[in-house]
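Two complexes come next, and they have one chain in common, chain A, joined by chain B in the first and chain C in the second.
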Partner chain A sequence: MTEQQIVDLIDSSLAEEFELDRAAMQPEANIYEDLGLDSLDMVDMVIVLEGAFKFKIREEDAIREIRTLGDIHRFVTGKLQGAGALD
Partner chain B sequence: MRTLRRVVITGLGAVSPFGRGVTALMEGLWAGRSAVCQVAELERIGGLRSRVAALVRDVDPKEIPRKDRRSMSAMSIYATLASREALAGAGLGATELGSGRLGVVIGSTVGSTRATEDFFRDFFTDSSLERMKSTLFFQIMNHSCAANVTQALGITGRLLAPSAACSSGCQAVGYGFEQVAMGRQDFMLCGGADEFHPLTAATFDVMTAASIGFNDAPQLTPRPFDRRRDGVVCGEGAGILLLEALDSALTRGAAILGEVVGFATVSDPSNIANPNAAAMERCMRETLADAELAPEEIDYINAHATATTQGDVAEAEAIAAIFGDQVPVSSLKGHLGHTMAASGALELLAGIEMLRRQRLVPTRNLDEIDPACAGIRHVRGVEERPLRALLKNNFALGGVNSSLVVRRYPHD
Partner chain C sequence: MPDSAVTSLSSPPVSGPFPRLGPWALLMNAVAYPLLVLWTLLGMALFSPGLLLWKLVTRWSTGRIMRHFIWIYGRGWLLLMAPFVRFRRKGFAGLDLSSPVIFVVNHQSFFDTYCMGLLPVFDVTFAVRSWPFRMVWYRWFMRLAGYLDVESTSWEEIESAGRAVLDGGGHLLFFPEGHRSRDGRLQRFYNGAFHVAVASGRPVVPLCLDGTGKLLPPGRLSLRPGSVSLTALAAIDSRSFAGENGPRELRNLVRTRLAEALAEQVREGRG
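What follows is the complex of A and B.
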């Protein structure tokens, strides 16, 4: 996958799951304050991302540091990069 | 001893197989329509002989914001929409909802079977919990409807969730009545909700209590009190009543739709499944005593009558033992099917509309009265007549009987 494909898949998956306005899904958007997600949503976000990218991230400490949509993009990209799944 | 307060009804809400709202429900009932249809999904279930149900259509769950909806299955969505209607009709808003003076008592037969099925279907593929959503539990817990309504509407008072199968909705109104009468709450949103699942139909089918003989003519079943009746047709929906202390309603200048004056619920330990006329009679007599009304002061009985072979006979015998053949009786199951936990509240609020209109809805599909059910006065067509008080019955698997009496307000 290319980085753009990863970003697109993240955004489309989260938009569908959480019924988000795509226009609001900017990399700098705070997932709590700007996108309106909460702690329950964060649990489900992990499941959605695991399903979309076929990896396991639930136990990763870095997830707890995520604040913005861009953080999610970088986290997932880094994870796939480490696994050698990035083009 | 604390003086009991009078309790009136100031709001009604419905999601029924006839659609959204009390108006749609009553239009379907006045027109004598059937909401029963063939359900293709049932053909794929091995061993299930019933192919018909009364389903809710035209409800858009997205009317409810995602954060409230994510913990809801269909039954909570129905309950929330019906609660909104009842509150709007009563003229209550955020101030009362968040005052602690308003509570909720909404029951369902079980938590969402659909959500449970979806989870276990996935779970059994590899016995993994890794795909379990955080909101699953909130859809399958027994107080799912009541909890979701309080969350979605910002209600801060008491929360009760009776689970007594087909008596749940009737019990909920009764328990709400007692909360307000005792002065524990000034308002109670009361009722029941359920969603259809093939297992619900199967529950009755395995006990040979589901209708299986009209799969090709769904509008001819169920047939309460009729000679050709062959069992229950499952339905779904939500019925909600807003109960309020009379003093509160008068102070607010609220429109009063009726007064709850009697409630009783009794256990029938004779058999967990079989109906028992003596236990039904005991329940109705206790309700009349609670209402301080004589049998001749009841002008209409809205029967539980689900069209099972045994249940309809037992109820007819119990009614006849108290009321003889003078008080008009009808069942709404022929129109709506059996909406399970919703049935008590949905049928009661339809009865309240009948009191207000002074007009009775007959039993649909009652073409030839079963001689075993002939000891009571059946309503065979729409009747205009003076109506001051009604009695509502619900009798549930598990041996749970419940009845309510509602009077017009003002009366006398």
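What follows is the complex of A and C.
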């Protein structure tokens, strides 16, 4: 999987789950202030990402540090890179 | 039905300027809030002796007694509002509530929780966000009733507590929109209720609450006379939604059913 494919899958999965406006889904977008997500959504976001990428991330502390969509891109890319799943 | 189609089926917007309050509405506002305060104070005063009496007579747990008291409190509020608001309950006749279910309700007003006094069962544990627990005059009673704070508690604990409620014979109630709708439209649903439903295998009963958004919309303090209906839709067997995407599919089905029911209420209102 390439980095662009990862970004596209993240964005499409989150857009579908949270009914997000794709135009607003820029890497610098704050997931709370710009995309309108909240603390309850974080649980659903983890489940969506786990389903999309077939990994387990719910126990990872780094999730609590996520603030922007770009943070999610970097977090997932790093996770897949660590698992050797990146082209 | 795709989500975009669901979103288009909704109650009419209730935002925007309200027309002037008529004499009946003015009277309602003059008496409804003071009566609510008096009713709340009376409930607080009677709570301790009532708890002791119920314990002696029923031998119920404190949580079950508190849920009964809260249901009675809601019934009292309905009675106080009855001169100004016509309350109706529909669709419960064919519903089997002898076994635990998960109620899922749309959310339009602060008073939606009070309207749960319309339910024909009292042993209902509410799963709500943190802010209702910040109301000091209710917080203690909510804690005693075992209400679930879905915002401040980990999801594993909520799921475990929810299953314990259901296994103990009680019902669960969620407002899956999480927030009151600002424009009357059905909002996006959180998944929590549907994860509990699939994990427990208990039926989901969608409840369509209509009229509270006009009674007291979010951001306003003035009440308006009108009618409120609580309609129970057909129960949905959550056991048909096993699998990874099961909770989301169940969520989408419930949302579709509620959106259709709300649209039907709007058509009836215009008819």
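By our rule, the second predicted complex is superposed on the first by the 87 of 87 C-alpha atoms of A that agree within 3 Å, B and C clash if a C-alpha of one lies under 4 Å from a C-alpha of the other, contacts with A are read in each partner's own complex, and residues count from 1 in each chain.
Here, a contact is a pair of C-beta atoms (placed from the backbone, for glycine too) under 8 Å apart; a residue touches a chain by one contact, two chains touch by 3 or more.
Please read all numbers here as calculations on a predicted model, not as lab measurements.
Of the two partner chains placed around the shared chain by superposition, chain B and chain C are both touched by A:47.
When the shared chain is aligned, no partner comes close enough to touch A:83: not chain B, not chain C. Once the two complexes are laid over each other on the shared chain, residue contacts for A:19 go to chain B and to chain C alike.
Comparing the two interfaces of chain A, the one with chain B and the one with chain C have residues 18-19, 38, 40-41, 43-44, 47, 51 in common. The touching residues of chain A, when paired with chain B in their complex, are 18-19, 36, 38, 40-41, 43-44, 47, 50-51, 56, 58. The residues of chain C lying in touch with chain A in their complex are 3, 7, 129, 150-151, 155, 178, 188, 190-192, 244-245, 248.
Partner chain A is touched in their complex by these residues of chain B: 62, 66-67, 70, 130-135. Across the complex, chain A meets chain C through its residues 17-19, 38-41, 43-44, 47, 51.
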